[in-house]
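In the two complexes below, chain A is the common chain; its partner is chain B in one and chain C in the other.
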Partner chain A sequence: MDLAVQRVLRPGSFEEAVRVMAEHPHALPIAGGTDLVVQLRDGRRAADVLVDLSGAGLAFITARNGVVEIGGATTMDAIANSREIRDACPALAAASRLVGAWPIQCRATLGGNLANASPAADTAPPLLVAEASVHLVSADGDRRIQLSELFSGPGETCLRPGELIRSIMIPTQHLQRTVREGFAKVGPRWEQIISVASLAHRFELDADGSIREARVAVGSVAPTPVRARAAEQFLAGKPPTAAVRREAARHLQDDISPIDDVRAPAWYRRVAVSVLLDRALTEAADG
Partner chain B sequence: MGSVTVSLVLNGEQRTFEVPAGRRLLDLLRDDAGLTGTKEGCGAGECGACTVLLNGLPVPSCLVLAASCEGADVVTVEGLGGDRPLHPLQRAMVERGGVQCGFCTPGVVTTGAALLEHGITEPLEQGRRLAGNLCRCTGYSKIFEALQAAAREPGDD
Partner chain C sequence: MTDGGTPLGGSHARPDALAKVTGQTRYVGDIALPGMLHAAVAAADVSSARVGSVDTSRALEIPGVEAVMTAQDVPGANLIGVIFPDQPLLVEDRVRMVGDRFAVVAARSPEAAWRSATAVSAQLEPLAGVHDPVEALKAGADAVHDSGNLVHTFRVERGDIKKAEARATVVVEAEYRIGGQEHAYLEPQACLAIPEAGRVTVLASCQCPFYIQQGVARVLGLPLSAVRVEQAPTGGAFGGKEDYPSEPAACAALLAWRTRRPVRLLYPREHDLQATTKRHAMRVHHRWGADRAGRLRFAEVDVLLDAGAYAGLSTVVAERANASAIGPYDVAAVRVRTRVAYTNNLFGGAFRGFGAPQVTWAHEATMDRLARELGLHPVELRRRNVLGERRRVTSTGQRLPAPVMAKACLEKAVAASSAGQPARALPPGRWLHGTGTALVLYGCNLHHGGQHLDRSSAVVILQADGSAVVRVGLTEMGQGNLVAAQTVAATALGIDPVKVEVWQPDTTTVADSGPTVASRGAHASGLAILEAVRRLRRRLDPVAAELLGCEPSQVMLGGDAARVFGEPEQTIAMEQVVQEMVRRRIETIATGWYRSRRRRFDPATGLGSPYEFYAMACHVARVAVDPDLGLVRVEHVAAAHDVGKVLHRDALEGQIQGGIVQAMGWALTEELKLSRGRLLNPGFTDYLIPTSDDAPAISIALLEDAPGSGPFGSKGIGEPSFIPTAAAIRNAVCDAIGAEVDRLPLTPPVIVEAVAARHPFSFLLP
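Up next is the complex of A and B:
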C-alpha cells in the first residue's frame, strides 16, 4: 500500500537538505524510515512532503581530537561494526545490535532512533551515559546540545521546524582508567522487541574495586530515557557488594516513573530495571 | 499523488521506474517490476518475509521508501543466484527441507545469503541475525542445517 504522501524531495547534499527543509516547514525528514514508514502507514503521523536524507552524506563515523562523531543517517549495523565506537562507547555498539533484528539494523539510523524520541529508544541510554552531544542544523544556524536536552516527552523533541540532526558526538575515553560499561534490555525475547526496560552503565573503578564514578541511564521507565542520578550518587565511592547493590536498586526507584501499558505493568518495569542494575554491578565486582 | 522516478540496479539490470511518491520498495518490486517472490507478511518490519538485499545488506522492503532507492543496488530472491539458477543456500534449503509453505523463504534466503557473504558462520550468531525472519512451518532446524551446508560448500562464489 502506498503511503499518503504527495512528494518526496531528495536533496543531494546536506546543505541542500537544510535549504529544502526551510522551504517546506511542514515536511518530515526521512532517513532509514523503519519507524516513520510504519507511523505514516498507520496514520500516527502524516506529511504531504518527505525529505529523503539518503543522498545528504549523513552516513559517517569519524574519530578525531578526542571525539567520535556519528552522522545522523549512520545505520545501527555500521555502528555495531565500528571499531571507533566499540572503543569510545561499547554500550552503544551493543545496543545497536539489539535494535530490531539484523535487517532493521541495516536500515535504521541513529538520528532516526533519537528523533523518534521513543522512551524505549535503545541507543539513548548508552549515549546518555557517554554524555553525548547532538549537532543540530537549520537554515537559521546551528547549535550543539546535550543529548539529555533533546528529549522533551514521549515522541517529542526540542527540534525546531526545519532542524536536522547532523551528527552525534561522543567524547572518547581515557584508556588508562578501569571502566566497566555495558547495555542490557528486558523484553519478551532477545531480538526484535521493544524494550520493557533497558539500562546502560559506565562504572569507573578504583584499584580496590570500588566505584569511583557511576553513570547509569535507563529506558522505557520514564517519559524519556533518563540518567539515574539518585542511584549514581549513592554508588559513588562504594564497593559493589551485595548490600550496596540492594540499596542502589532502592535509590534507582526514585529516578524512574514507569507506566502500565500493553507491553508491561509499571511494577514489572521497576523490578526489571533493578535486576539490570544488579547484574551490571555484579559483573563490575567480578571484573 | 505526485510521482517520482527511481533508477536502480535490480538483480543486476539497470532499471527505471515511475512510481507514486509514497510507494514502498516492496510494492515497486511486486507491482511495478513483477517480482512477486518477495512477500508481504506484516508490513511493519516484524516478520522478515519482505527482506531483500539493498546495497548488499538485508533490509525489510516494506519499510523502505522506493524513492530513497535512487542509484541503489537491489537483489531479490529471483536474482540471488546471479548467473546460476540457484544460490547455494537456495539449493541447500531445497535439499534439506528448509522450505515448507515457502512464505518466509525469500526473506530467509536473502538474509541467509548476506550472512554467508559476510562470513558469519557461527550458529548462535547466525540465529541472532536470522531472528527477524519468522517461520511458522519449519521449526528453523532445517534452515540452520541448510545454512551450515551452504557455508561448507567449496567455491560457492
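Up next is the complex of A and C:
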C-alpha cells in the first residue's frame, strides 16, 4: 500500500483523538514519532492521516490506590525522572534512560515504544516483570489487557483499528529490602544503541538469601519481549549459587528463540542474555 | 600570537568555525535556485546481471518529472573513473554492483524524482557474480570485467629471504581478515549544476573540483574551459569525496544540460551508504621471523584488496599499502606482494590512511605475536627493531635523514599512556585491562606513482586596507585547510590572521592542484602560498624600503607592518605600504605554484623512494574488556606524533582526536555487512559509528625535532592520526583477554569466540 501522509490532525482531547481515529481507517497515531517517522519514510508503515496525540492529555504519571498510571504519551525522559516510577518500578526508570540518546528520550513516549512492538523495546521487559496492564480505548469501547497480551509478533500488536493506548498501569508493591530489581541491556556501543539482548529482573529474597519468587523478562531474543517462565520456575526457592546460576541459564534457553540478524548472531544473543541473568543473580546474592 | 609575534603554532579561532557551529554555513542542500529541479538515481539492487533493456516509460508518467535519461542520452563519453576507463556513468549492458545507475531523473520535487527513479525498470539476466576476492582470482570465476578479475599486482623485493630465514629462530604466521569502513561524513554527496548556453557551473561537496571538472567535461563532451566547478562548503569527506563526487556531478550536469534548468542532486543516506566508495576490505597474510635476540630477520607479506566492481582508486590505494606493509622496522629481507581483485561487492576507494591502516593493523598484530613467542614485552621488541639513527633504511631501501623520530614517539607515547586517566568510570561488568602499542611510518604526500598530481596553485591578492585574499587549489572539508592556509599566509605577510580571508577553490580562479588527499592539504597549499608571497614581496619590499628609508633586502614583515631588520623601532603599517602600491598602480596580485621534488623509484621491485619524506607516530591504547559479553571500552589513547612543525595547535590536535575516534569505530563497531554485494545495514541505526560517550581520553605529544619539507618544516597530520589507532586497540584487547584476534572489527561476538574455552557459558558458543 503506497500511502503518502496527506494530513496531520491534532485533536485537543483524548475523546476527540478516539473519534478522529474512528473516522480515518488508514490513520496512525503519532506521539514522539521517533520510530514512526523513520518507518513512514522507508515504507515499513503507511498512513494517509497522522493523528498527533501531543495535545490529547496523555502525558501524565499518577500514583493512586496502589497503582502507578502512566499516560501513553509520557516521554522516556519524564519516566526516568519520575520519583513515583523510580520507587515503583526502578527497572523501568533505568530502561527509559537507555532508549536512544537524551534528545530521543525527550520525544519518544512509552505508548509509542510499546505500540511499535519491537522485540528490542527497552521499556517492555521492566513492565513485564512488573506485570503491568494496558488501558486501550477505541470508539467501540475500552478494555484492559495484560502487557504480555499486547505483543503478537515483531512490529505487531493486538491493537484493533482505531484503538489507542491510553495508559499503562503498574501495580505497586512495597519494594522492600528483600526485593531486587534491575534492567540491563547489551549492545556494541555505549549509548544510542538498539539492544542486542536485554533483561529485567525482580527477585524477592528470603531471609536466608534464597529466591522466594523470581520474575525475569528478556528482550531481543524472541519475536516479542517475553517472560522467562522456565528460568523463573527453576529459580523459585533456590539460593543463587554458582551452580544454580549456571542451571538457570540452561533453563533460560527454553524461554527464548533468538534469530541471526544484522545486529548479532543468535548464539551471541543466547550468551549475552545468560550473562545478564547470571549477573543479576550474583548481584542479588551479594545484596 | 606565538613564535615571535606570528600566529604560527598558536590556536586562533578557525575562520570557518563560527559559521559552522551557528548553522550559517550554506551547504549545497541549503541552496535552492529559481526553477531548480531535483535529481534522483535509478539504481540496480542486484550486484551482477546482463542488461537487456531499460524501460523509463512508467518513470516518465510520474507527475512532476521533467526528464529521465539513460546511457544513450549521454552527449559525450558515458565514462567515469579517474585512472581506469572501466566504469560507465549509466549502465549499458552489465550491472556490476548494487547501486549501478540505469537512469537519472529530474523532477520538480525530490519526492517525485525518487518515486520516478523506482519506477524505472530493467530487463535483467542475473549472473552469479563473485563476492569474495580470493574466489575472484581462482580460475573459472565469473569475470567482473572482460579483462579478468586481477586488476594489478605490486611488489617489494629486497634481500635474500632464504638466507635470512636460516637465521630466524622464531617464525610466526598469521592470516588477517580486515573489514572495510564507511566514511560516515555528516553531509552526504551533494551537488548543484547550473547550465548556461554552451557552458555549465557545478557547485559540489568535494575534495577535488578538478576531478569533477574533468568528469563533467567528458560526459557532456565540452572543453574543460566550459565547465566551472566550485567547491561548496563540505561537511566531511575523509576520502569519500575524492573521486566519487564526479559521478553525482556528472548526473546532475547531464540533467541540467537536457532541461536547461539548475539541477540539484542530494543523496539520501541509504543510497550514499550503498553506492559510494568504502575503505577496502583486505586479507593480509604474514610470515615474519626473528632471531633469539629479538631482531627481525625477514618479513613476508601477501595483501589482497577487494576493489569491488570498478578500479576507481584501488590501484593507488594498493600502492600505498604495498609500500607501508613492513612499517617503521629495520628488516633486511622483505617480500611483499599486493594484489587488487575485482568483485561484485562494495566499491573500494580512498579513505583516510589510503591502504596503510589495514597493513599497519597487520604488522602491529604480528609484532605483538612475535613478542609473545619470544617472551619479550611488545614495547621492548619494538625498541629492538624500530628504525633509528643507526638503522635508517626503510623496507623499500630508502635512507631516512636524521633524526629518525620513531623511537622518540614510542617512548613519549608509552610514558603518556601510563600517566593518562580514563575519561569516565566503567559501568558494572567483569573487566579485564590491557595495553596495546602501534607504530606507523607514514609516507607524506603522494606516492611516486601519483607524483604527476603533486602540484598546487595559490593566488594572493593584497587589499588596499592591508588585508589579503587567498585562493588555494586544495579544499577545506572540516580538516582545517582554511586555518592552515590562513596561518601560513598571515605568517608570511606578517599580518594578523583575521585579515587573511581564504576562499574555497574554483576551477576558474586557480590551476588544477590535484586532490586534497594524502595529508597534503596544508603542505601543498602552504608552499604555493609562500611562493605567491615571495613573488608579491619582489614588488612590495622596494616600496616599503623607500617609505622606511632602507634597502629592500632589509625589509621584514610582522605585526601588520613593514620593518627594518635590526631596527625594531622603524616601522610602517602594511596598510600604508599597500596603499602606496595601489597609488603607483603596482600589481598587488600574485600566483604561487608548488610541485614535489623528483625522486627515484622502481615499480617492478618496489625499491627506491616511494615518498619524499616521512612522519612517524606511536599510539598506545588502554582498554577494558568485558570478556563475557565481548564489550570493549577504550579508556585512554596516548598519541605521539612527529609533526615537523605545528602550524595551528587546535587544528592539529583536533585532527589527532578525530583520527583516533574514527579509527576506534573501525576497530570495534563499524561493520559493513554484505549479502551478495548488498549492504544489509545501510543506516546509522545499524552501522555503528562511535558517539561522544564512546570517545576515550586522549593525551597528545607533539615532537618538532625533525622538520619536513612542508611550510615552516611541517608534515601532514590527517592520516597519521588515524593509521596506528586500530592496531593499538587490537593489541590492547589481545593483551586483556590473553588471546589473538585476527579479524577487524573486534565486535562482541568475535571477542567472545576468542575467549570461547574460558567463557562461563561456553556450552552456548558455536
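Methods note: the second predicted complex is superposed on the first by the 280 of 287 C-alpha atoms of A that agree within 3 Å, B and C clash if a C-alpha of one lies under 4 Å from a C-alpha of the other, contacts with A are read in each partner's own complex, and residues count from 1 in each chain.
What we mean here is this: a contact is a pair of C-beta atoms (placed from the backbone, for glycine too) under 8 Å apart; a residue touches a chain by one contact, two chains touch by 3 or more.
In this text the structure is predicted, and so the values were computed from the model without any measurement.
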Practice item. Name the contact category of A:107: first (chain B only), second (chain C only), both, or neither. Key: first
_Quick check for you: in the superposed arrangement, does A:131 touch first (chain B), second (chain C), both or neither?_
neither
Does chain B (first) or chain C (second) touch A:191, or do both, or does neither? both
| task | Please indicate which partner A:213 is in contact with in the superposed arrangement: first for chain B, second for chain C, both, or neither. | result | neither
Scan A:262 for contacts with chain B and chain C and give back first, second, both or neither. second
Does chain B (first) or chain C (second) touch A:274, or do both, or does neither? second
Going by the contact rule set out at the top, does A:55 touch chain B (first), chain C (second), both, or neither? first
Task = With the two complexes superposed on chain A, say which partner A:30 touches: chain B (first), chain C (second), both, or neither.
result = first
Is A:77 touching anything from chain B or chain C once the two structures are fitted on A? First, second, both or neither. first
Footprint intersection on chain A (chain B / chain C) at 38, 101, 190-192
Touching chain B in the complex, chain A uses residues 1-8, 10, 30, 32-34, 37-38, 40-41, 50, 52, 54-55, 77, 97, 100-104, 106-107, 190-192
Residue positions on chain C within touch of chain A in the complex are 270, 427-429, 628-631, 633, 668-669, 673, 680-681, 685-686, 688, 690-691, 693-694, 747-749, 752, 759-761, 763-766
In the complex, chain B touches chain A at residues 1-2, 4, 20-24, 27, 43-46, 48, 51, 54, 57-60, 62-65, 67-68, 70, 111, 128-133
Residue set of chain A touching chain C in the complex reads 38, 42, 101, 184, 186, 188-194, 196, 246, 249-250, 253, 262-265, 267-268, 270-272, 274-275, 278-279, 283
